[in-house]
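Below, subunit A partners subunit B and then partners subunit C, in two separate complexes.
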Partner chain A sequence: MVNIPVITRRELSSYFLSPMAYVVLTGFALSHGILFSLGIGSRIEPNMQAYYAFYITLFLLILAAPVLTMRLVSEETNQGTIETLMTTPVTELEVVIGKFMGALVFAAVMFLPIVVQVVYLRFLGPVDVGPVLAGFLGLFLLTGQLLAIGLLCSALTRVQIASAIISFAILIGLYFMWYLGQGSPGMGAAVLRYLSPPWHYVNFAKGVVDTRDVAYFVITTGLFLFLTVRALQLRKWR
Partner chain B sequence: MLVEAENLTRYYGSFLAVDGISFSIGRGEVVGLLGPNGAGKTTTIRMLTGFLPASDGTARIAGCDVRENAIEVRRHIGYMPENNPLYPEMRTREYLAFRANLKGVPRRRRRSRIEECIRLCSIEEVAGQIIGTLSKGYRQRVGLADAMLAEPDVLILDEPTIGLDPNQIREVRRLIGNLSERHTVLISTHILAEAEAVCRRVLIIDDGRIVADDTPAALSERLLHGAVTVELKGDPQQIRAELCRLDGVRSVHLADSTGWHTASVTPETGADVREAIFRAAARNGWRLRELTRSRASLEDVFHRITLGRPEAEPAVAAQEN
Partner chain C sequence: METRAGERRRTLLRAAMVLGLALLLAGFMVRDVRARAFVETDYIARALWAAGGLLAAGSLALDWRRVLALLRGRRTAEGVNFVFVAVLGVVLAALLCYITTRRYARLDWTRAGRFGLHSQTESILAALEQDVHVVTLYRSDDSYDMAVVGYAGDMLEEMKARSPHISTEEMDLTLAATQSRINRLLAQLGVSDLAVPAVVFVAGDRHETITFDRIATSSRGSVEMPDVFLGEDAFAGALKRLTAGEGAVVYALTGHGQRQLKVEDRAGGPPQAAGAGAGPARSLSRVASALEHDNYEVRVLDLAAEGRVPEDCDVLVVAGARARLAESELRAISRYLDEQEGSLILMLESPFGVAVDTNVTELLADYGIRAREDAVGVTRMQGLLGQTVTEKTVPVPGERLPDHPAVAGLDGFRLWLEMAVPLEITAEQPAPGLSTRPLLTGVESSWGATGIEPGSQQAIEYNPAADLPPGVIVGAVVEPTAGGGMAQEAPEGPKILVLGSTGAFANTTVDQHRANLYLLSNAVNWMAGRTHLLGIPPRSMDMHIVSVSPSQVLAARYVFIGVLPALFIAAGALVWLVRRR
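Let's turn to the complex of A and B:
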């Protein structure tokens, strides 16, 4: 496990050396800022506005997560550096966790505008700390899950764009399950709802921390990371 | 034995790329894996490093099975893959630091070891440069510096001089020559002169099989009878007759030129007839001014062994530099 921070550091420096990362950072900050100020314009009270800040992030992440993760493994397989990487005394698990952590830390930097917005709301009126912390916890869990999905897609193809498109499609599918599951009653709809990330995330955004929601994110994230490790191990057999 | 391959076999689908290769390499040996394009060199090397699992057979490095004990095996090898993949966005020193970390070079020795490798590979002037902007020769040296970072028992280099200009080839070969003083080296190449220059033992691989395993000198010795060239002054009739009678001589070809006669003597396989020729000259009172034995180059050997594979010939011809 000693190699995880080594991999994470390299991923981070590699993010900040690529122009794509800055496009994502500014893209997120701009679109999030615009959506946020549209909400301010309608003069809702600060607690509602904080909820709104977390809510819009839900949608921006569909675009951001695939772009952030597409190069993580694809680039290594495509450039051949996977061969130098996997012939050092490092395990597939260390590589996967290291890369995952790198993406997660980068996402945290990307979310800085949200922190600024919450601080700004404090000047407009009282903001409850609890729901905001819950919102950040939910954001952390959701981001982890979406990045794990993107990471898996990146391990499945050596073409970065293909990786981004596949994970984007999966995320759209997962979100769509939320809409499908919302209106209708019955078991099927409930299952659809339960499997979709937004359904769990909005609870956090509203300030409700339910262990079942936490468990949902932890288990699914773990599952996708495990599948990524398997994909890396099985890569040899193709 | 530091490197042991036993019946290594690899299929790609139904295509047999490596067909039951066995060999072993002892500590301190410098071995060339020589073969035409598509012979299976890279596949063999990838199985040795554990990057690619073998379809059949086993490989051991320093006594550890590459499949069962993969992590331990990787501690013993310094590997530079074909085409020397590097992270183009990183700087040279930063890259080496990352690699030293991964390879578990002890923290207190890390910095000095990195600087040492930078010096050994003469990449001081590009140590702060972005790898993507380096010339191919420098990139190759960065790859070599990386391979030797953790002072591995075995260095495995897959075509380390491919795509370099003659000066850089000489530089990189000199580097490998230096490495071979302290490491066991396995180097794959299809450049024959390279194997001859740096290796003390050559494995020739063709079509996924090892077809020869010997020192470069012994290979040419064994496979081609070195013709002897003699320049003599004397009676041509007598010279021809006497030379033909010598033990171990198969045929004599005599060319006459301005008083001196040049005889090409083809001996029986393995025989060295130089001494006999010298004695004959002394006995008959001929004047002798040259007596040389042309040693078959590895190139000839390689050509012979892999003959019958028409696609192998252009590969050989293209590499004569």
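Let's turn to the complex of A and C:
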């Protein structure tokens, strides 16, 4: 596990040296800023506006997560650098965790506008700190899950765009389950609701930390990272 | 030609296989999910499964040689291994997720505790042994409905977390598919219609309907954004009524100009004819509704006709008698208190507000309480323009309330008693086994002013020689004290709650100061020995609407649409320039 920080640093420097990172950061800040500003009128409720800031992030992440993760493994596979990486004394698990952590730290930088927005709302009126902290916790867990899905897609394909499209399709599917599962009583609908990340995330944004939601995000993130490790190990056989 | 034909055949079979599997999956999805266009989706699901199964099985059967060859290949072995491990991982994850949904905790991180439950609700849920199914009927195209559904949904989630006997269901009335479910619900309940939008609690063949207007309201008059949630009390009340046995009985004395609790009370005595208790604004019908909501039966008692307080009376309420009671009536109440160990809530009407000539306060003489009808509770406070004014109202903040079941849960509230008769405690132990103590003590700037002409608008100044001292008492309680025995049983004896004001509990007042209503609800539950059913105070959604100036709106747009994205662009450009050199 000692190699994880090294791989994370490598990933981060690779992120910040590529123009794509700044395109993603700017695109996220701009779209989030536009949507957030639309909610600012002559009279606002700061806590609801803070909730709104977290809520819109939920949807912007569908676009951002695939773009952030698409190159993580598929680029290395395409360029052949994955073979070099795998011949160094690092395990597949360290590679996966290191890359995942790198993407997560980059996402944290991407969320800086939300911090500024909360500060702005605090300047306008009282903002309940608890839901904001819970919102950031939820955002961290949600982002982790979406990045893990993207990482798996990146490990399964050689082409970056294909990886982005597949992970985008999966995320859309997961989000769509939220819509499908609402207002229905059956077991199938309950399962669909449970599988959908937004269903769990909105609780955090409201200020409720439910152990079921935390467990859902931790377990599914762990599952997708595990599958990514297996996908990398599969290469050894070929 | 054969190769090309074979390739085409294989492609077709592969497509058929994928399509078949997709149809099978779609069948599962269609079965349960809401389908806006269809009333029943079962037959569609069955058709999809049949078509999907046929396609998948057919393509497999027609291409069996290739399937066999594929199964023998090395890549297939690798793939199968990966899929096997993946399935194993998914099963393990599903198992873990299932376990975490069986035992879980919800932590409320909001300052106002918006998502927590009152301790009384927790007690009710802990004692719940019967399955209760809760159905929320709403319209998804109505913003008020959706706001209430949000609040109610969170509260019901909390309830589900505390009791395995609670299950929930939502029905969106805008969906055509919901109609068949509503019909099934109506048939189950044996009713032809239900008030909507509402939350319906169903336990066996009994049900309780709580309409949305009883769940959330707005303190600012904004219909679309309710900010006061009353639902917890309503939901807990529904659970109480569904699961509790026979209700207790509260009698309201009539015939002496009291304010109305029940409609029958209109047959009052002469002062009532003057209009004292008449009119919905001045009546106490909200109190009666709250008690009925807590599974009490409120009846009117004409003591002059009955001669005695009925045996089944759990609590007797005298709500601001303005005329004198006959000696026989006073004796009947005394007998009820002493012999039946009864409970009495005595609300006083101040002569400074309306004409009063009553002897009802004579009842208190034996219990160490003296009602100072020659005085009125006043408070020095700051007016709208910052000037000092003295009002004939006594605020009682939550922090001045003692530790007593009658005021449990009111710590965060402020009670307001207008035109209150000040009380004096003359004996803390009026009789063996009885204790008397103040319950409602006004703020430090309040006192009992004397020497004021009723109805006069003269300036009121504190007179230390004649007036009652600051921190005026406007509510007192008499209760039996615990004996010295080892038994932990509740002490026996009469219970009396004296409230210096009746107007404080009138409809118009409790609409503004809900805590006043909750005080009475709590007091009745305490007197009836239902301490586990004490009233649950309303909760604020902790909303603060703030005005944003045009310059602040503009600043937000500049910063969030302009400056922040520009900073990232600048950082990118800087990195590009540095790397170029």
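By definition in this document, the second predicted complex is superposed on the first by the 235 of 238 C-alpha atoms of A that agree within 3 Å, B and C clash if a C-alpha of one lies under 4 Å from a C-alpha of the other, contacts with A are read in each partner's own complex, and residues count from 1 in each chain.
To be clear about the criterion, contacts are C-beta pairs under 8 Å (C-beta built on N, C-alpha and C of every residue); 3 or more make two chains touch, one makes a residue touch a chain.
Remember, predicted model here, so these are calculated numbers, not experimental data.
The superposition on subunit A brings subunit B alongside subunit C with room for both.
Looking at the shared chain after the overlay, A:A231 reaches subunit C, while subunit B stays out of its contact range.
By the document's definition of touching, of the two partners only subunit C reaches A:M48; subunit B does not. In the superposed model, A:Q79 lies in contact with subunit B only, and not with subunit C. In the superposed model, A:G207 lies in contact with subunit C only, and not with subunit B. Set against each other, subunit B and subunit C touch different numbers of residues in subunit A, with C touching more.
Of the two partner chains, subunit B and subunit C are each touched by A:L17.
Judged by the touch definition given at the top, the superposed model places A:L124 against subunit C, while subunit B stays out of reach. Rounded to the nearest 10, the angle at the Cα centre of subunit A between subunit B and subunit C in the chain-A superposition is 160°. No C-alpha atom of subunit B lies closer than 6 Å to one of subunit C in the superposed arrangement.
Shared contact residues of subunit A with subunit B and subunit C: 17, 237.
Across the interface of their complex, subunit A is touched by residues 28-29, 31-34, 78, 81-82, 85-86, 89-90, 93, 96-97, 100-101, 104-112, 114-115, 140, 154, 169-172, 175, 178, 181, 225, 542-548, 550, 552-553, 556-557, 559-561, 564-565, 568-569, 571-572, 575-576, 579 of subunit C.
Residue ranges of subunit A in contact with subunit B, taken from their complex: 2-3, 6-7, 9-10, 13-14, 17-18, 79-81, 83-91, 236-237.
Of all residues in subunit B, those touching subunit A in their complex are 46, 49-53, 71-72, 74-75, 77, 79, 81, 83, 85-90, 94, 98-99, 101-104, 146. Residues 16-17, 19, 21-23, 25-26, 29-30, 32-34, 36-37, 40-48, 112-113, 116-117, 120, 124-126, 128-131, 133-134, 180-189, 192, 194, 206-212, 215-216, 219-220, 222-223, 226-227, 230-231, 234, 237-238 of subunit A touch subunit C in their complex.
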